[in-house]
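Order of writing sets the chain letters: A, B and C. Residues in each chain are counted from 1.
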Amino acid sequence: MIGPDPFPLSSPPGPQVRPVHDPFHGDLLEVSMGPHHPSTHGVFRMMVTLDGETVVKLKPVFGYLHRNHEKIGENTSYLGSMPYTDRLDYLCSMTNNWAYALAVEKLAGQAVPERAEYLRVILAELTRLLNHTCLAGFLLQDCGASGTPLMYAFREREKILDLFESLSGSRMMCNYQRFGGCRVDPPAGWLEAARTVAGNYGQFLDEYEALLTGNEILMARTQGVGVLPGPLAVSAGVTGPMLRAAGVAYDLRKVDGYGVYPRFEFRVPLGAHGDTYDRYMVRVLEMRESIGILRQALRDIPGGPIMDPKARLRGFRAKPGEVYSRIEGPKGEIGFYLISEGGPNPYRYRVRPPSLINLTILEDLCLGQSIADTVVILGSIDIVLGEVDR
Amino acid sequence: MSDPAAPPSPPSPPSPPTQAERDELRRHGILLTSLEELYNWGRSHSVWPLQFGLACCAIEMIAASMARFDIARFGSEVFRPSPRQADLLIVSGTVTKKMAPQVVRLWNQMPEPKYCIAMGACAISGGPFKQGYNVLKGIDRYIPVDLYIPGCPPRPEALLHGLMQLQEKIRAQTISGPEAPRHLQAGGAPECAVPDFGAHDLQPPQNPEVWRPPTIIRGGGA
Amino acid sequence: METLEQIRDRLLARFPGSAVALIVNLGPAAQHSLLVDGSHGRAVAEFLRDDPALRLEFCSNMSGVDWPAREVVETAVVAAPDPAGGPPRSVEQKVKRLVPGYLEAVYHLFSIELRHGPVVLRLRTANRTDQVTLPSLTPVWRSCEFQEREAFDLFGIIFEGHPDLRRILMWDEFKDHPMRKDYVEPDDYEWEPTPHGDVLAKARKHYPAGAGAPAAAQGEPRP
């Protein structure tokens, strides 16, 4: 659009976003995609400059969900920040909780009993299943399959949310991990119900894949689209399934071996091309591996206490020091950097958001593609704005 | 005894039919209703929400539209992406100050009759993120809200309950008189002012035509 | 991976003018860090990324930290002459010292190829007011691009050499740096039904407190 913008940007337009009149190619069109747009990723805005339908420049604009989580973390006690970590990546609250609990446990030198470690692995893998299923649904929604894969995905998600609700009291904001273990022991029958859900998930994945994986529309829209080369991914700090789809074998469950992950046998799927189809397939294969881990963990979970007896919840203070600890969340490496000065609140509370850092190469992936592909590429990066903006 | 010099009192109008009489008529295939009832019935049972999710509550809103909770049976089948085609703005999630002008703009672009639901603690008052330099302490500071659904996040059933309350509210509206909805009143509904980005805060921090902080009188001691 | 002391020694040998120091991290996590001065920051970063024994090509996290000026009380043992003419005695003296404030950028580096880490790199500014410039490490590790913008936005650290340094989370007309410790929030707390703590102090400024009057909360119907 040429002329004064009736909806001006919050950032003053620099030379790169003003419409440019290029005499050889005609006018370039500048489109503001967002912050309210039908793609269901949240309040994210992309300033896209188009030459016809091809993307010439893309600048993401963040901050529409900046809720000053880090400042609240400095003004709240360690335990008081646990419910806020639920709201970071609001689809995967259990893994956010674990990442934060792990960071504080490392800061304070706190041990965790074995039953709690197994439970954490079970909940993290259930969260991974939930997240990847929803991602497949949202990606297909962005491709235009408006509703059906998302309906199937949410139907399965409800079964896992039932498990979370009976365990922690809340569907989404579980607030379940504590420093030194978990909040409460699973009720009677919970492990059986989890076994049933994990057992049936393979069949659901078969049904889902029969609908999607060989689907020629999906393949035509995603193969060769948004190719991410491995070295660029490493330099840009991309982590999670996106990095593995680019061919780099780096999964923190294997590399760092946190929790009791070294006891389980599972493979790490890698992509060969780094395109959107690979990112989708890596997530589907990760779901299959997660079902395997769940089966092993639910079989081997020992009895015992759920919380370390020496853990102090009230009046928790960590010794002065700092720590950076990370886990493999469903979206990538989620890390917490905490600086303690010995008081009840952390001095500095920093979240390493995988979604924000995965977006570093959004422009690189979208250049030269058509604008319809931009939505598909964004869908395959798997962002959640609660984490991007914190 | 009636006074012979007084003018005769006008005949009393026939009393409106009772519900039992209307049911009897309906059994014979005759539907007796008023224009107001019909108008409100049509409006309340086809409220189309705007596809507008801000944060975590949006996921519960999406779950409410999915197979288990199914908002479609309440008439809200289609979530419209364009504000020009939507009736209901469900503000689901934290409204930040950076996002607030866009929310008000979307509200202004929606045609009357339009309704607003503030879903979740963040939309009502800022919620758990209230102590925030970028968090708007409730969307009702800038736009008029019809219904508040508490929760963090409210369950999909809570959203459906809220939607049913909104439907009752629409059915209770009259076509004429002071209780009429905004679009039927003379003068129509004014546009809500869109705030600007200031150096430290939004300008103005709230819209005084829409919201004024309630008076609280506190005692001297803590 | 070699220890941080060995890395520091190699860095000092490679860049003789740089003041690379080891910051010991107290506490059980024992993640010590390397403090590098601003002028050698980029060169040290490239060395850490390209050195065959380290190959730290993955910058996982970059945070800004605000350290305001604080008073430190140190006890020093001083030899004081004995007024009676005897041998000098050792006297403990408490010395108050003002440690000037600074802003800090902390980088957490890992190696994907060699599977080791983290190596923590710290860069400090000279003060919090006018000398807040640090070299940008975005040309070395692309992942710092958005995180350095965030440190600029929320702390006010200016990164030289950053390809696109502007605000990322707050709007561009915003003037403050909110994550600093001395940031004062805008006063938009007019309505708070049950305040306590510092919110109560803010609420009292808005509402008249009748001395001795019973606390009554009354809401006006919304217009």
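Remarks
In this section, a contact is a pair of C-beta atoms (placed from the backbone, for glycine too) under 8 Å apart; a residue touches a chain by one contact, two chains touch by 3 or more.
Everything numeric here is computed off the predicted structure, so don't read it as measured data.
Two chain pairs, A-C and B-C, are compared here, and A-C has more C-beta pairs in contact (counted per touch definition above).
Most remote from subunit B, judged by the distance between CA-atom centroids, is C.
Taking the mean of each chain's C-alpha atoms, the chain closest to the overall C-alpha centroid is A. A straight line joining the Cα centres of subunit A and subunit B is 34 Å long.
Centroids built from CA atoms put subunit C at 27 Å from subunit A.
Rounded to whole angstrom units, the spacing between the C-alpha centres of subunit B and subunit C is 46.
Shared interface positions of subunit B, defined as residues touching 2 or more other chains, are 98, 131, 133-134, 197. Across the assembly, subunit C contributes 169-173, 178 as residues in contact with two or more other chains.
In subunit A, the residues that reach two or more other chains under the touch definition are 10, 63, 66, 68, 71. Contacts from subunit A toward subunit B in the complex involve residues 7, 10, 35-38, 40, 42-43, 63-69, 71-72, 75, 83-84, 87, 90-91, 150-151, 154-155, 157-158, 171-173, 385-386.
Of all residues in subunit C, only 25-29, 31, 57-61, 63, 65, 106, 108, 112, 115, 118, 120, 141-147, 154, 166-173, 178-179 touch subunit A in the complex they form. Against subunit A, the residues of subunit B that register as touching in their complex are 51-56, 58-60, 62-63, 66-68, 81, 93-94, 96, 98-99, 102, 105-106, 128-129, 131-135, 152-153, 155, 197. Note for the complex: subunit B touches subunit C at residues 97-98, 125, 131, 133-134, 137, 197-201, 205-206, 209, 211-222.
Looking at the complex, you find that subunit A touches subunit C at residues 10-12, 62-63, 66, 68, 70-71, 106-109, 232, 234-239, 248, 250, 255, 318-326, 333, 335, 337, 339-340, 348, 350, 352, 356-357, 359-361, 389.
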